[in-house]
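Same chain, two partners: chain A is paired with chain B first, then with chain C.
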Partner chain A sequence: MNLAVPLSSQLINLFASVILLLAFAMLAQRRVLALINLFALQGLTLALSTLVVAVTTGQTHLYWSAGLTLVLKALLLPWILHRLVRRLEVKGDVESLIKVPTTMLVGIALVIIAFNVALPISQLSNTISRGTLGIALATVMLAFLMMITRSKAIPQVVGFLAMENGLFLAATSATYGMPMVVELGIALDVLVGAIILGVFFFQIREQFDSLDIRHLEKLKER
Partner chain B sequence: MNVFGFLGQMFAIALALLLAPLLTGWVNQCRAWLQNRSAPPLLQPYYMLHKLFLKDVVLAHGASPLFRFAPFVVFGCMVLACAIIPTLSTDLPLAPAADTIALVGVFGLARIFIALAAMDVGTSFGTLGGRREMLIGFLAEPALLMVIFTTAMISQSTSVATIVETLAHRDFIIYPSLAFAGIAFTFVSFAENARVPVDNPATHLELTMIHEAMILEYSGRHLALIEWAASLKLYAYSCLGLALFFPWGIAEGDSFLGLLLAIPVLAIKLAIGGALLAGIETINAKVRIFRAPEFLGTAFLFAVLGLLVRLLLEGRV
Partner chain C sequence: MPALLPIDALLIAACAWLVLGIAGLVAPRNLRFISKTLFPLGALVGMMVGLVALGFLGESPEVAVLAIGLPDLPFHLRLDNLAAVFALLLGFASVGISIFAAGYFRKGEGTAPGLMCLQYHIFLASMLMVLLADDAYAFMVAWECMALSSFFLVTTDHRHAEIRRAGYLYLLIAHIGAIAILLSFGVMSSGSGDYSFAGMRAQSLSPFWGSAAFLLALLGFGAKAGLLPVHVWLPEAHPAAPSPVSAMMSGVMLKTAIYGLLRVSFDLLAEPLWWWGVVAMSIGLATAVFGVLYSTVQSDMKRLLAYSSIENIGLLAVGIGLTLIFHAYRMESLAALAMTAVLYHCLAHAGFKSLLFLCTGSVLHATRERSLGKLGGLIHRMPWVAWLALAGVIASAGLPPLSGFVSEWLLLQSFLFSPGLPHPWLNMVVPVAAAVVALVAALAGFAMVKFYGIIFLGQMREENLKDAHDAGPWERVGLVWLAGLTLALGVLPSTVIGFIDAATRQLLGTGLADKVREHGWWMLAPISPERASYEPLIFLATIAAAVLLGRQLVRRLYHGRLRRSAAWDCGYVFQSARAQDTAEGFSQPIRRIFEPMFRMERHFPTIRDEKPYYSVKVEDHFWHWLYLPVARLAERGSRLITRLQGGRIAIYLLYSFLTLIVLLLVARP
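Moving on, here comes the complex of A and B:
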């Protein structure tokens, strides 16, 4: 039995599991606003988990990235998305290309694959949070799945942002985070990306009277 | 096995028989308060049982002996389930009789008998209810088994008493897998106890009813036994959930003081659990019957996730 596991490691594992749980909840969620709230919750959990790693290891730059995660992913981006939804007057359910239970089954298969792939990699690492690498990979793949199965633009963007959450978790768990410059760059990228995609939404709707991405598949003029 | 353990076991069964209708009454009362209705008295289920036991039994013409036999089997199964699940102490002489997998089987046996009895008389409502019950059951059972496997992997035993001992009386460890298992167990217990997202316990009049449709033909002491068994099932599921996920307070071994202390702890935990159950029932709408497989499928997936997380995060240290 694992009686010698320190409390901080247990806490990190718990937060990582909550992130995975939220990724699945996002996959199953049919409503846009609830989806954004779940994304905000995932960002909050990510910030908490990073904070625990920072406190345990004493790495100062991790405090910064925890704060950055909190401000950006738990507050600013959800706020921007909420504003977009209000401005675009998106209502009702999110359409999914595959039925939700099928998506969940595919999700379970992805989690199994991710755990198996991550197992040999995480054994090379010697950080206290190495066990969560599989979960981080699973979160990335589940976000990918969400981008693939949703046809509307906003859930796809939420999926893109959730994927970044997974990558961030992977970086924290495998190597105690990336260098500060890289992290700042990625944060800025994500923020600017979300804003540009917001502008895109308006253009897409202007052109097609709908936010359905499938319209973009036809390249010819109507 | 000693005399004290035996007495403790008897006391736990008697407590289950007495407390189960009270728990049902408490949940009904909380539901009424939350829905701005005037609440029935807390002891209403006891009055119901008393009234039904005094009434004569009316049997349908086509009823076979199975129909008369089934309420006793169902009641017996539920009493056995309450005896195996540690409510006050983990020192249960009856615990070796059945482990958690057999416990799921005991619930399954009760389900089969009540569904057969519902189909026995041959009314369309009974048949409909029985079929729906089997649909729910065959989806809920694997999820429940997966939850149990997760806890069994942590304690390396399928005996409920050993699982509770491991979780409650060793060093405190956070098990992320138990979070998944807990959510899955909540889903399953809502479906199994005919609660709101899957079935509405408060109606005889809906075409969507499941549990009530099966027992429409019962009257008198048979109905009393079935109602009592339904209360016992809710009690058993609540106690199993408390034992697996909030086991603190259950006495270890044969200490009399621990047993005395365990009674108020159990009462408080059940009161909080019942209020939460009523709250969740109030904020949720009943789903269509064809959405129930999705609901239970989600429960199964969460249970499998719990198992996977257990293997990845906690398995090798």
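Moving on, here comes the complex of A and C:
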């Protein structure tokens, strides 16, 4: 164990690992409400991690970022999703297209790929949080994998939002975050995206009497 | 005030055509105004173009820059002798066709007359701009205008599905050709970014890239001209179009493709390789044989002429190939002979093929029938059209004393020198090509006998042909003009060569005119009188004298007692229109001899048939060998690609996911 590693760096790595762990947990979670809670927890961890980076480096705009993440991803979006679930009366279980253990194995392979790919990039970077770049990339990929394997609409949206979490982590770890304007823009995008998707859910259910996106297969050109 | 340069005069003519076209839109339904005012004015402009080009021949090139075009990319224009020869062709042919068109269009046929007038005059103006263009950009713009305006003209009767199909095929192949031409220009500019023709002339390409440019140009211009295997649009589009349009397309538009090929291979590409000539010649020979064979077996008069156009384009390609071979071996005087034959044949074909297409138009209007099997004996009802068509038929068959003979004779003359080529097998193989050309000429004669004999001679095959009326005055004037051109090209070869020689000299550095001029205007001896010479007027006089003498002799021997009876009844007592040779029956020997060349579907009557009938349908091998497989492949490919669209969001997401992973792995430093 390398004791020369400062506490802040260890904290950042710890939070990053928690984010990765939560990503795996989301991949494995079959129930919608628990999934949303996990997503909120991931948002909270992300906010904490950003806060640690902000405290360590003294970058003022990172405080803003952390606050924004906390409000948006740990509180607002989970709340919107919870409301959606309640109003749509979604049943508890999430159907997966692929069996969960298989998904986990694929996820492990993805993490290896992500670390492998991120290694040369993180060597170029000189931030204290550069080690977490691989984790960020892996989070993006796992979220993507979740979007692919879930057949219901809400888990897909959660996957989409989790992907944004991964991207945010990547941005903080590689370059201490994007410029404030970009970050605000992305945050707004995510919020609007979630709302629009919510509207779509109602439409989809009205049309097909279910939120199963497999019904959308009928829409293709013959 | 500075003198009006010829190039300015031609530009004014192009603008005048455009103005006439737009004037047609003012009163698009007023047929009388459009046909009796605008089309004759268009003919007048055509006459001006022809005369200006004629006057220009022999002068040094003139350039102009038009300010229209993209910013910083104006149209460069240039009038040189090669362009002038083809402008001459365009102008004089359009005179006859426009005057004919003045009397041709009737009410209520497809497109409104005003729109038709616009398309027709844009077509003319864009052809003129093609000839004047001096950079790839201007050339392509004019070229595409030409293709599009002619597409709309072809689909005038767009209510018929087959005509829409013909138009679509034409547009498709025109685009393939345009892409090839564009690529050819791209190769010739060789990355310098300079797309003016002057810049291309200055480039010296490596043999590989030079060959690539030549082959692309051959494909691109071949698609417009109708060379094998990109000829399939031609026999579809020509019959679909109204007759003046077919005449314009066959007589003039195909020549712009020949112009382009000459421009690229002799002007823009400095150093031709000998095998380019072999390629052009082989394709030309195949095209000529294919065209003439298929023209003999057609039962539709316009299709017959369309295939005959393919044959003539093949002969032109053969001539260009031979010129390239001679030019590559620096045998410039022989190259000049072959080039003269090519240019002469362009002029001759523009005259006689326009004439024949217009004649079919008159027959079509008089009888409403295109199928040869329902025509016959029209010489009694339509003497003007019949006698004028005879001029076109004789020229097209390559018989003296009309224009077709001169050019084909010149071509064969130049072949006679090919044993002198300094290449071990070329000097043996090329003379064989001359034999094929002779075969083509003979079969062309056969096709023309069929065309003329079935339509105009014999007895009428249908009752309603008795009501056929002769062409109106406007149509007659147009036909007489074109027949006059055909005759003039036939009997004054030395004079004509004196004119077109300027283009030969510009491209090859040497010409034929000096040698020809030595022997006076009445005799054509391209190399020397001892070797071969042709005196058209003496020939004409001899024929006329022989006919008169024979007539007198017969009169004298029979003591003037004339007996009128049915012609060629061959001893049969009973002779009816049904007993005559049909179009299919006439060409049966050809179908039998060249059977492998055709793809036929025949139905023979049997004894037990209640209503016995015979039918034969001749199809193009290339359609089945080349086009349908490509179409099937495209369809199969697109069906495979459709599978990507499974309709499942998970699958779509997987595509992006896999792409992301692959890109990440590939792009890893």
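Note that in this section the second predicted complex is superposed on the first by the 218 of 222 C-alpha atoms of A that agree within 3 Å, B and C clash if a C-alpha of one lies under 4 Å from a C-alpha of the other, contacts with A are read in each partner's own complex, and residues count from 1 in each chain.
Simple rule for what comes next: a contact is a pair of C-beta atoms (placed from the backbone, for glycine too) under 8 Å apart; a residue touches a chain by one contact, two chains touch by 3 or more.
Owing to the predicted nature of the structure, the values given are computational and were not obtained by experimental measurement.
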Practice task
Mind checking the superposed model to see whether chain B and chain C fit together on chain A or clash?
Solution key: fit
Practice task
Check the residue A:148 against both partner chains and state whether it touches chain B (first), chain C (second), both, or neither.
Solution key: second
Exercise for the section: Have a look at where A:120 lands relative to chain B and chain C in the superposition and call it first, second, both or neither. Expected result: second
Handout entry: Touching partner for A:180 - first (chain B), second (chain C), both, neither
Key = neither
Exercise for the section: Using the touch definition from the top, say if A:18 reaches chain B (first), chain C (second), both or neither. Expected result: first
Problem - Superposed model, angle subtended at chain A by chain C and chain B (C-alpha, nearest 10 degrees) - result: 130
Exercise for the section: Determine, under the contact definition given at the top, whether A:106 touches first (chain B), second (chain C), both, or neither. Expected result: neither
Completion exercise
Counting residues of chain A touched by each of chain B and chain C, the higher count belongs to B
Problem - Contacts of A:97 with chain B and chain C, given as first, second, both or neither - result: second
Problem - Least Cα gap, in Å, left between chain B and chain C after the two complexes are fitted on chain A - result: 17
Completion exercise
Listed in rising order, the residues of chain A that touch chain B in the complex are 1-5, 7, 10-11, 13-14, 16-18, 20-21, 24, 28, 100-101, 104-105, 107-108, 111-112, 115, 119, 131-132, 134-135
Completion exercise
Seen from chain A, its contact residues with chain C in the complex are 97, 110, 113, 116-117, 120, 141, 144-145, 147-151, 156, 213-214, 216-221
Exercise for the section: Sort out for me which residues of chain B touch chain A in the complex. Expected result: 170-171, 173-174, 176-177, 179-180, 183, 293-294, 297-298, 301-302, 304-305, 308-309, 311-314, 317
Handout entry: chain A-touching residues of chain C, taken from the complex the two chains share
Key = 642, 645-650, 653-654, 656-657, 660-661, 664-665, 668-669
